[in-house]
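Every chain is named by a letter (A, B, C and D) in the order it is written, and numbering of its residues begins at 1.
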Amino acid sequence: MHVGLQHYLVVSFMLFSLGLLGVIMRRNLLVIYMSLELMLNAANLALVSFSRFNNKLDGQVLVFFIITVAAAEVAVGLALIVALYRKRQSAHVEDLTSMKL
Amino acid sequence: MSILTYIAGWPLLAALALIVVPRNYRVIIRAIAVLATFISAVLAVKMFAQFVPGANGFQFEQQIPWVESLGISYHVGVDGLNVGLILMGAIVAFAAALCSWEIQTREKEFYILLLVMTGGILGAFASLDLFFFYFLHELALVPTFIMIGVWGRGEKKNYATFQITLYLSIGALIALIGLIALYLQSGANTFDIPKIIEHAKTNPLAVNAQNFIFPLLLFGFGILVSLWPFHSWAPLGYGVAPSPTAMLHAGVLKKFGLYGLIRIALPLLPQAAQSWAHVIAWLCVGNILYVGWVAMRQKDLNLLIGNSSVAHMGFIFLGIASLNLIGVTGAVLIMIAHGFLAALTFALSGYIYKQTGTLQISELGGLCRKLPFIGTALLMAAMAGCGLPGFANFVGEATVFFGAWKAFPWVTVLSLWGALVIGGIYMTRVIRNILHGPLPEKWNSISDASSTWRKLPYALLLASLLVFGFLPKLLTDKINPDAQKIVNMATAGKNADVVIAPRSSGRESAHYSLAENQSRLTPAATK
Amino acid sequence: MKLEVLPWIILFLPLLAATVITLFTLRCRTTSALISIGAIVTGFILTIAFIGANGFHPAVSETAVNWLSIGGLQIDFGLKLDALSLMMLLIVTGVGGAIHIYSFGYMHEDKGMARFFAFMSLFTFSMLGVVLANNFLMMFIFWELVGVSSYLLIGFWFEKPSAGDAAKKAFITNRLGDFGFLLGILAVWAFLGSLNFSALQDRIIEHKNSANTIGFFLTRFPLGDFSFDMNMTIIGLLLFCGAVGKSAQFPLHVWLPDAMEGPTPVSALIHAATMVAAGVYMLCRVLFLLNADALHVIAYIGGFTALLAALIAVQQNDIKRILAYSTLSQLGYMVMAVGLSGPTPAMFHLTTHAFFKALLFLGAGSVIHGLHEEQDIWKMGGLKKKMPVTFWTFIIGTLALSGVPPFSGFYSKDSILAQALNTKNYLLFAVAVFVAALTTFYMFRLFFVAFLGEARTEKAKHAHESPKVMTLPLIALAVFAVIGGFIGITNNYGSQFFVEHEPLSVAQQALEPLHNIFPMLLGISAVAVGLFAAFTLYKNAATDPLPAKLGGLATAMKNRFYFDELYEATVIRAHDFIAAVADWIDRWIIEGACIGLVRGGTDLTGRALRLAQTGNLQTYAFLFVLGVALLLYFVLGK
Amino acid sequence: MNASLISLEISVIGLGLVLMLADFFVPAERRRFIGYAAIAALGVLLVAGLSGNGSCSQFGTAFNGMFVNDALSLFFKRFFIVAAILVLFMAAEFSDRLAAGSIAEYYSLIVFALAGMLFAASSNDFTMLFVSIELITITFYVLVSFQRGKLQSLEAGVKYLILGALSSAFMVFGIALIWGTTGKLNFTELAAVAPQFADSKIFLLGVLFVLVGLGFKIAMFPFQIWAPDVYQGAPTPTTAFLAVGSKAAGFVLLLRVLFTAVPSVTHNWANLLIIISGITILYGNLCAIPQRNLKRLLGYSSIAHAGYLLLGVAALSASGQAAVLYYLAGYLFTVMAAFMVIALVLRHLATEDISGLAGLSQRSPLLAATMTIAMVSLAGIPPLAGFFGKFLLLKSVIETAQVTGNHGYYCLAFTALAGVIISLYYYFGVVRAIYWSKSATDLSPIELSAPAKVSIWVCIAGMFWLGLFPNMVLNFANEAAKVLGK
């Protein structure tokens, strides 16, 4: 069978949705964070496939930006989560409800 | 610089000056405030004297562009409608400043707020620009809130403070939407009232637009004037307010909405005004009768005064609703008269409260013996309140009745009942229970207003009431020509109602307009 | 100085006096008194001067300045100078002056004397205003001022609760009348297009003469589309309401007896001689507006009041209340006379009544003064020796009031009876005669009990004659009470109304009643009956024998036929009830329900909404996604 | 291409680096004064660079259209720099509550965030948009959780992190879809082709996802949920910067996307914008009613204000956009004033409860007055900035209502009215706490450092200036709004 743009897009949509589900369902911050990365990569996949099929490079350029940014985000994010873990001895979202209403 | 700018400017300037005065220089602070209000009062009298009745257009005009892109400009000027109001406002402000001796804590803040309030409202009355008209009036909102909150009395203080503030804001904002809509609909692309009116003469607003805007203005302004059934804030708020605030607010600020209706709504939205006149007329029965009855029940002097002042607003609405020269003139007359009266009554109740520490009518009694001056003043105020001739209120109310009689006979009958009977009942009850009767032991220590300074504000307000009561021509001659203009625009398209020939000696018999001749050929007439 | 200026001076002198007293001389009592007395006496002299100069029908019958002019509403501040007003002017200043002087003695101990005289001057001013007004609104203005000054004077001793209540009652009752009066004025203005009496009179005549009344109306009558006569009837009755209030006619008569709480001179001046007469005066002034139907009602109301009051008077024991009720019944006479379209008799009786009733009140005052504030006639007795002047003047007053010839009361009352007979109104004639008998009866009851017989109490034993300043006015008034009947007062009413009189000499005037003998005889016989009854019952009676004889009726009379109770139970209650309801609505519906709901509702919504802020990251993320879904649905869903 | 266009951004980044390096040379106890150096530097940039004929204020585009300098960007650059200056003042006052010696780091982060905002102001391309937004957001992750000692600060950081990442994920995906369908990333080019894709669901989905990302930044419904927690937890200067800077950045991008990139789509979304704006206003105000914690209260109120600002966006007219800019300008000074007072008053208190303000009128009349003025301005009462801004917004909405005859706009106006009334209730509650609440415990006067005084007076002056003399800023805003129109 011939693999077309749709297939790639479908895959990226699925990745995106999986990530979304992960964010909503999983209790552990780290896992949530990974799912977020998954969502970003879904976007990357979409971009790359688009640029492949439209024969344009801007998308791939953007992908590089995204990856870099994601890296930075991860760096900050993990540092944060670690700092939190130090204080709270837990990385579960239920324990992060000191501020509400 | 127009004299009006000075009248409104001095208080604001003084407020600025007070910011730098150290708070422990009590006397200086007080002196500055009194002086500033005094100056603007004097200037107002001067302006009133120099005003030329029936002159074309506005007088003492001044216009400074403010925001060209929106056509907003600082534009002040007076005609017959607001000249009296400004005079009243300035005098009341002066009296209020004098009465502020009762404020003993944090005078600095108090006087600053008082002056801001004064300058704002005087400016609003002088303003001929929709935007500033609103803008300057809103200056008073925060001072009202803080004054009542900080210097107010009674355990319902917080509730009352918030209710009056929110209520007033609701009214103001509804009116604001109406004004903006008006500005946009008029197509004149300016906030300048005279320009808009000129523009509207050639191309009037579409009727459906009018019917959308008029209710906004009516109820927006109506809430500011405690139009029934949006009145409950007024007695409550004035009940707890320190007397200078109540004086300014009940006396002067409350007239803003009415002035707005007459100045803006009537001439610019004639058709809507005509179709809404009945609603206004019947709502004002609510004010006059219903609130009058409520007043009969009050146990607290301030609440009673507050309710009665709400009731008086009804007469003004009735005058406006009647949409004829006599009615509108009467409305303006009452606006001025009631300004003095409300200020006077609240000042007096404030004095009594200061002396006795209570305003519960049941606790007071026989005060006339210990307070001959204050007692007499209160008695006269009460009499003015139930429409006794000799005081300005009577002239206004009588005029309104004459004006409304043909438009709304039954409403007039009810209002008459409210004015003469119900008003009479609760006012005489007040006198009976507070001034007459034996004096309770505990009040033997209280003392009357002794020094001239203490007496001055009351005397001043009483004098104003009497002067305009005896010589109403001072006002009517100024009001008439401009009221006529307003009425002509407001009744545009509707055939002019009966013209009864002016008769100086009253000897020559009346003639009547052609339109009347038709209406006269009725079966009843032919027999 | 032009003569028209005089009336203005007469009018404003008392106001000036009042102002000066209030502003400057409240401290010094005597000065104030003198200022006030000076003002009214000067007024009296100037009045005489004016009348002397150009008679009762001056060339300039009207002088006016414009007071208020708003489009169609033209109101002058104007004086009407004709026989009617000038006569009234004389009475007010003359009788009033006498009473002023008298009060100088009567109030001498009172520390509030300055205030008293300020009020008196204010009253005089207002009363003169009512008399001289040349248009309806002016009249109404002074009408109200009269009301308030009487309010002040009744409540003069404001520390007495009863005084305060009486004042309140008087004011409110009058207001009820004024409500109708002002309505009537509005109707007149809207209907006939003017407020000026002369102009209105022209309009009416114009209408009478105009062959077809088509197009006569200025406006359709606001209250409904009625015929001309119907409108005039309504107007007439509305105007009459004012008179009912001021002249204390049934059903608004209740305030007058209570008004006796005021100082006695006040009762004499206001509630006998002048103010209560204002209603009658007003009716005469606007007679041309009153059509037959209206007059009918007026006549019967007047007659009924006369009868009612006389009956009540029979069983009163307070000397001032007896006089008060007799005032009521005499006012009934006058109103009835007007209603019988006999303004001349009415004004005649008003005049004479002013003299002898003032005299009686001042006499009563002198008695009360002599007995140190004792007012119950059964605690008096045997005053004949101790206070001779008072005694003699009082008996003159009594005779005049009872209508014994040749005293003034006889002539005026007789003219009323004649009027009733001439207009063929036999019922009212009968009533009038009966009332005449009653009058004589209760007056002599009072006289016998209070003055003759033995002193019943210590106070009565130690009674003393009053000082000269009080007795002199008594004598002066007594003289007029005697001769007032035939010095030719009626002449001057002649040309005032639509009937023409040829002037009569004093002699003719004295014999006037003989022209129609029948009413005269009946009148005299009525007096005789009354006198005989009183003599048999009360000649040195220790207690009142009547209750035993009449039983229930007597108690009803004593309790004034329970009118106050009735009103208390109906009018006052009703208003208080409605007020309570309104207050309840205000408190609970508007304040509580509406505002409360809005406030509470908003607050509740807020508290509910923020429950979304659980603080849990997961929830937030979920809501976030939910939001995205929402947007998706909104944008792409359709 | 002329690099001089981005010289401002470059110099700001340079400043950030310098501040970071300064950390090494300056002894810990003097480090807070570095802030004043930074303020001075930014001041110079503002005057030299962005004044009427400043070196960086000439217009043009760079990086083949990615980066544009126009009236709009100029307006926002000035805005951001003023904001940063005020925040730095606040930070200097706040330094004693941060981890010892880390203040210089804090300053530099603020400056980096500023750099991101400056880029956002002139980004004319989705790539630039993404990068600048991420620069802002990531810096803010750190700024929010900067008080590592405080659990709340960390918690706020994490919440902001997760939700922020979520939103950027959506945005990136949206960008991908847009680019995929249209093949354009540049706004102006996109605008040309967008109409053809008006009914391509993928494209609309893309635009919507971008809207999600931006909506998160400006805390509009339904993405407002994070705001209260983060506002409450973050250090006060961060909160202030978050409320003003990042919100404004979100708005400039929103305006550019909606009106430069996809105007054709936007005009179909009028009702959507109306509804969003209305609900945002109501949500923010209603939730704020029972709120006692000052910073959280302002968090809710900032949601409400996002709603008010959306009025101008929903109006879909030049006057509306100008109103948005003007309102932001007023909002800047107002919010800064409020947070400055909070930072100063609650310094020594553990609580952030409103009751902490009790007796302030005695303790420091100046602060009391400032807070009152700020609250009044937020409530939109004359003669302050807030009033004129709201007036412009309402006017634009009613204007559009009358032009288009869409009654939804009238409803929106009345919703806004209701919102204002509700907000009066809690704003004036704060005023009440200041002037006459009973529970005034300590009445010790608060002494203010000179810089604090300066910044406060600047804020007050700003509020009154914008309330009383709107001409200059208004004309500038109109100029800026013209950019979007074409």
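As a convention for this text, a contact is a pair of C-beta atoms (placed from the backbone, for glycine too) under 8 Å apart; a residue touches a chain by one contact, two chains touch by 3 or more.
Not measured: the values here are computed from a predicted model.
Engineer: Quick one: most central chain, C-alpha centroids?
Structural biologist: Given all protein C-alpha atoms shown, the central chain works out to be B.
Engineer: Could you give the separation in Å between the centres of subunit A and subunit B, each centre being the mean of its C-alpha atoms?
Structural biologist: Here subunit A and subunit B have centroids separated by 66 Å.
Engineer: Taking each chain's centre as its mean C-alpha position, how far apart are subunit C and subunit D in Å?
Structural biologist: 77
Engineer: Please report how many Å separate the Cα centroid of subunit B from that of subunit D, as a whole number.
Structural biologist: It comes to 43 Å between the two C-alpha centres.
Engineer: Averaging over Cα atoms per chain, report the distance between subunit B and subunit C in Å.
Structural biologist: 35
Engineer: Could you tell me which residues belong to subunit B and also touch two or more other chains?
Structural biologist: Subunit B, residues with two or more chain partners: not present.
Engineer: Could you say which residues in subunit D touch two or more other chains, in rising order?
Structural biologist: 158-159, 162, 166, 170, 228-229
Engineer: So which stretches of subunit A touch two or more other chains?
Structural biologist: 23, 32, 96, 98-100
Engineer: Of all possible chain pairs, which ones touch?
Structural biologist: By the stated definition, chains touch in these pairs: A-C, A-D, B-C, B-D, C-D.
Engineer: Can you list the subunit B residues touching subunit C in their complex?
Structural biologist: Interface residues on the subunit B side: 163, 229, 232, 236, 290-291, 293-294, 296-298, 324-326, 329-330, 366, 368-369, 383, 386, 388-390, 394-395, 398-399, 401-403, 405-406, 409-410, 412-413, 416-417, 420-422, 424-425, 428-429, 431-432, 435-439, 472-473, 476, 480, 484, 498-510, 512, 516-517, 519-527.
Engineer: Quick check on the complex: what are the subunit D residues that touch subunit B?
Structural biologist: 361, 372, 376, 381-383, 387, 391, 394-395, 398-399, 402, 413-414, 417, 420-421, 424-425, 428, 431-432, 435-436, 470-471, 474-475, 478
Engineer: Hey, which residues of subunit B end up touching subunit D in the complex?
Structural biologist: It is residues 66-70, 106, 109, 131, 134-136, 138-139, 141-142, 145-146, 149-150, 158, 161-162, 165-166, 169-170, 173-174, 176-177, 180-181, 183-185 of subunit B that touch subunit D.
Engineer: Okay, in this complex, where on subunit C does subunit D touch?
Structural biologist: So the residues of subunit C touching subunit D come out as 602-603, 605-607, 609-610, 612-613, 615, 617, 620-621, 623-624, 626-628, 630-632, 634-636.
Engineer: Once bound in the complex, which stretches of subunit A touch subunit C?
Structural biologist: 20, 23-24, 27, 32, 93-94, 96-101
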